[in-house]
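Both complexes shown next keep chain A, but they swap its partner, so chain B is in the first and chain C is in the second.
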Partner chain A sequence: MRERRVNWVCTLTAVLVMLFLLAPLLVIILASFTPTPLVTFPPQGFSLKWYANVFSASNNFISGLGNSLKIGILATALDVILGVLAALSVCRYNFWGKNILLNYFTSPMYVPSVAFAFVLLQVYSQIGGIPGPVRIFIGHFIIILPYIVRNTVSVLHVFNWTLEDAASSLGANPAKVFFQITIPIAKPGILAGALLAFLYSFDEVALSSLLSTPKFITLPIRIMNYMELTFDPTLAAISTLLILGSLVLIVLMEKFIGLDMFVK
Partner chain B sequence: MKAKKQAFLLALPAGLGLLVFFIVPMTYILIRTLAEDGFADFSGFFTDPFYLNILWTTVRVSLVSTAVSLLLGYPTAYFIARTHSRLKSVMMIVILFPFLVSAVVRSYGWIVILGTNGLLNQFLLGLGILSEPLKIVNTETAVVIGMIHLLIPYMILSLVGVLQSIDPNVEYAAYSLGAGPVRTFCKVIFPLSTPGIISGCVLVFTMSMTSYVTPKLLGGSKFRMMATMVVQEINVNFDWGAASAISYILLATILAVQVAVVLTTSGYMKRMGGGKNA
Partner chain C sequence: MATLELRKLTKKFGDFTAVSEMDLQVADGEMIALLGGSGCGKTTTLRMIAGFTEPYSGSILVDGQDVSKIPPYRRNIGIFFQNYALFPHMTVFENVAFGLKMQKLSKAEIREKVEDILRLVKLPGMDNRYPREISGGQQQRVALARALVTRPNILLLDEPLSNLDAKLRVEMQVEIKHIQKEVGITTIIVTHDHEEAVSLADRVIVMNEGKTLQMGTPREVFDHPNSAFVADFMGFSTFIDGILGAPEENGLRPVLCGGVTLHVLESAAEGLETGAACTLAIRSENMELVDGPGTDVAAGTVRTSTYKGHRTRLEVENCFPGMVFPEVNGYMETTGGKQVFVRFPADRICIYKKQ
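And now, the complex of A and B:
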């Protein structure tokens, strides 16, 4: 009875799509352990030398990782504050132009990041003297704001605001209401938004490649530059480490917010 | 009155940040481009077959990627929405997982598989099916494959949400009234899921139109889409006027697509109870 609902066409397609989605990732993981510079299948042995390459300072992968983490964490932290306040303003109050304001907060989503990157590049070149980290930070902080606003709004949208009134009528001051009622209820949305925003920043290429300076390069740009010069399994090794990182994240996500948060 | 003031204060930090670092620069550079060269850069784009061809390539790749994502994503999403097995959360993880992995890494994976010395060619040459390696990387085919891989999770997630909200009893009702599976799909499930189809397609299409990494890594230097052309104009040709024109034309194109979709479907979406995130 249960299986009658899902016929074999759907099942077959679903299985093929899963394989298609996983194939390149599995190939990368296998490739990272091959001893030969050319990836072959089946692999001719086992080696960890490409991992050693990742950690050798001359390749700058680790410093790139540090830069990416710094930008991603700072931009996400700032945007969580701005984005949650912005989401509250459009959800808690009724006023004319509410939807226009929400669209304004999410507007960077509609702009191709390459276009925005180029605009910033032109502005920076007119002002001059802006250090590398700041150049990239400004771009990332704008482009990821919509993810936090949207995900927070999607939770606050169904929030029962009388809970706040109940808390204050029971004697809680506004700060207490905010931190003990509003924030805990909005938390799944804020966390999901923060996670998507951080990942967007961490993986972002178009902005970072136009705005980075030779001294300050983020990890994806470093990987792309490496790929242009040498195409060896060092790339597979660093990719495998990133895949592992994502795996840890998704397990944590399932545990703490549940994956249904991402079904739109 | 007090409420209005509070709303204003809450909106102020983000509003101001966007104004200073986003709206003002975007507008300023547009005005400056127009003030310097008038519409020369823009008319240059629309009269040069080289640029028009890039726009057409971008639209074509995006349309094909959207169509294939929908065709493969729909049955997958339906399976996920309706299955009761424990597989469901495994499948959600499999869908979300590549979604969290950087586009650079995913393109690299496809190069390892599809490259001239890649695994696919090794396999086919080894079996003696081919005598010469297939050239897939640095062609449009590779870009489309990479694009579908990148974007199909977005399509599936948009569809799963809508399909889950369709009561299975509606399907049983159709069956019990004598409709076969095909008829039930065409007359019941498909119409009810259109909000998800529309939002999924718009999302995938616009993301594909503006994507940079996939065409750059899988298409090579001779394959050009709008986003990669912007960077090429800046870094290789040093033609900032052209880069500006391409940027704003790309922006205008995706805004036009979104406005057109909203205008043509808003009545329909309302009747279907969709657009809850709009």
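And now, the complex of A and C:
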């Protein structure tokens, strides 16, 4: 048995760190219920009117959320296919320059997104007539790929390739080996990558603000635009809703996939 | 159940020849051991039979049919991998059932076959455990069950016992042999352990650098290796250089080793010329310690002795230029520098032309 000793300095530090993490969230949640148009703390009274404001169609938050989800989900789904194949090619085969190729696949991670958006804008204006959703989609599609490649490579890196031989000797053709052995075993990495990629896309501001058109705006851009004109607790309300959404997502994932795989 | 034939099977990796023109015929139900050090080509041979790598030239025939161009998933060959290669995301039951599911059997049939085979490998009641939740020995039984349950034509075992501790090894050796005979399946086992090869197989093939050095029954290769290299690999510990003398009346031939004359059976020295430089090989356990000088006895001094539990192994110097390693039963109290007399029984000595 190890002696249980409480180190007060450690405990205090831990508590303070937790407070720093939690306090802003608490302030936001409390502020979202203030009736006054100026965020005051502590709040005076209770009101849900800012929430009503979030859902009012004229403010375009909900359509922004819809746009963000569409872009995020579509880009993540396509990148999972592309990213997993890229990761497989690099991990399964031994060839000259495989590390160069891996770095090439993950290079969007190292380019500042503003610089990247600038280049894309140039291309778009050369071609001309590219619709808003496509402009943002292409940007996100490229910029989130590294997260899926990296995370998939990290599982495949320690993958026991003999398992594929074993399955094929037991009568599984290459497609069955892929879908019943390789993918299920690599699933934690793929899912972790997909989650990070989706969250990146969902949160992305720099790229989207340069690429979006007035007709097609993602949620973060909508929030930014709103903030430039009005600074009322509507933003606190929407933030609270996003926090709630994240919580639900985390709980669901814990329940169905298990969170421990993201920590590994 | 099937016969297996390899015809001039060759595998090259660039300039390196891993397996060179290997010929082999395996009868139905026979168990063959491919024995050799790492890089001798035994595992490459196994992978070619399984279909994981394509031969450079030559052919592989199962029941007379050339299978060299058939992909592994249509060969119906069961493989036991050195690291077991159990699917970590499947339970014991699902692992064993995988091959049957690929054959599209009904659920009831699968359940019956899996239960039968788990009983055969003595692992009932483990169905719902995951591989990481069972011991190494149990994982090994699951791997064996999985390889056997589909009734493959041929069973390939890659270093099946190398990951087990000594006690479990012996147990599994008996088990594998028993199961192999019970199922009656043609089996190739790859190993670097000569005791494993000898105790399991009907025939042993000793390989080095992609070539077959010797092929024979366990007794042939164990007692009569056909070269000093094979002898060394088969556990002969002591090698002595000498000059071969002319045949004597009693069916023996003398060999002059430094100042000592040893004898070998005339049959062992067949084909060697009188006066030829040769190498004698003998196992530790076949040398005897005697009380004093005599025929076939060499005097030497003990350098070190190692008690191995039931035997004591000595390192004796000054008999011949090289070291001699006799082993005696039980514990022997010795001190460094003590004089001993080692007898080399003529019928236990193998003789080779000096390389």
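In this section, the second predicted complex is superposed on the first by the 242 of 264 C-alpha atoms of A that agree within 3 Å, B and C clash if a C-alpha of one lies under 4 Å from a C-alpha of the other, contacts with A are read in each partner's own complex, and residues count from 1 in each chain.
Methods note: a contact is a pair of C-beta atoms (placed from the backbone, for glycine too) under 8 Å apart; a residue touches a chain by one contact, two chains touch by 3 or more.
All values reported here derive from a predicted model rather than from experimental measurement.
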Partner chain in contact with A:Val39 - chain B first, chain C second, else both or neither: first
Touching partner for A:Leu249 - first (chain B), second (chain C), both, neither: first
Touched partner set for A:Val27, first chain B, second chain C, both or neither: first
Touching partner for A:Leu170 - first (chain B), second (chain C), both, neither: second
Partner chain(s) touched by A:Leu191 [first = chain B, second = chain C, both, neither]: neither
Comparing the two partners chain B and chain C, which touches a greater set of residues in chain A: B
Chain B versus chain C as contact partner of A:Arg92, first or second or both or neither: first
Touched partner set for A:Ile136, first chain B, second chain C, both or neither: neither
Complex interface listing, chain C residues touching chain A: 50-52, 71-79, 81, 83, 85, 87-89, 98-99, 102-103, 146-147, 150
Touching residues on chain A, where the partner in the complex is chain C: 160, 162-163, 165-174, 176, 180-181, 184-185
For the chain A and chain B complex, residues of the former touching the latter: 2, 5-7, 9-11, 13-14, 16-18, 20-25, 27-28, 31, 38-41, 81-83, 85-86, 88-90, 92-93, 95, 101, 104-105, 107-108, 110-116, 118-123, 138, 141-142, 145, 149-150, 154, 199, 202-203, 205-206, 209-210, 220, 223-224, 227, 231, 235-236, 239, 242-243, 246-247, 249-250, 253-254, 259, 262-264
Chain A-touching residues of chain B, taken from the complex the two chains share: 3-4, 6-8, 10-11, 13-15, 17-18, 21-23, 25-26, 28-29, 32, 72-73, 75-76, 78-80, 82-84, 89, 91-98, 100-106, 108-113, 117-119, 122-123, 149, 152-153, 156-158, 160-161, 164, 168, 171, 181, 199, 206, 209-210, 212-213, 216-217, 226-227, 230-231, 234, 240, 243-244, 247-248, 250-251, 254-255, 258, 277
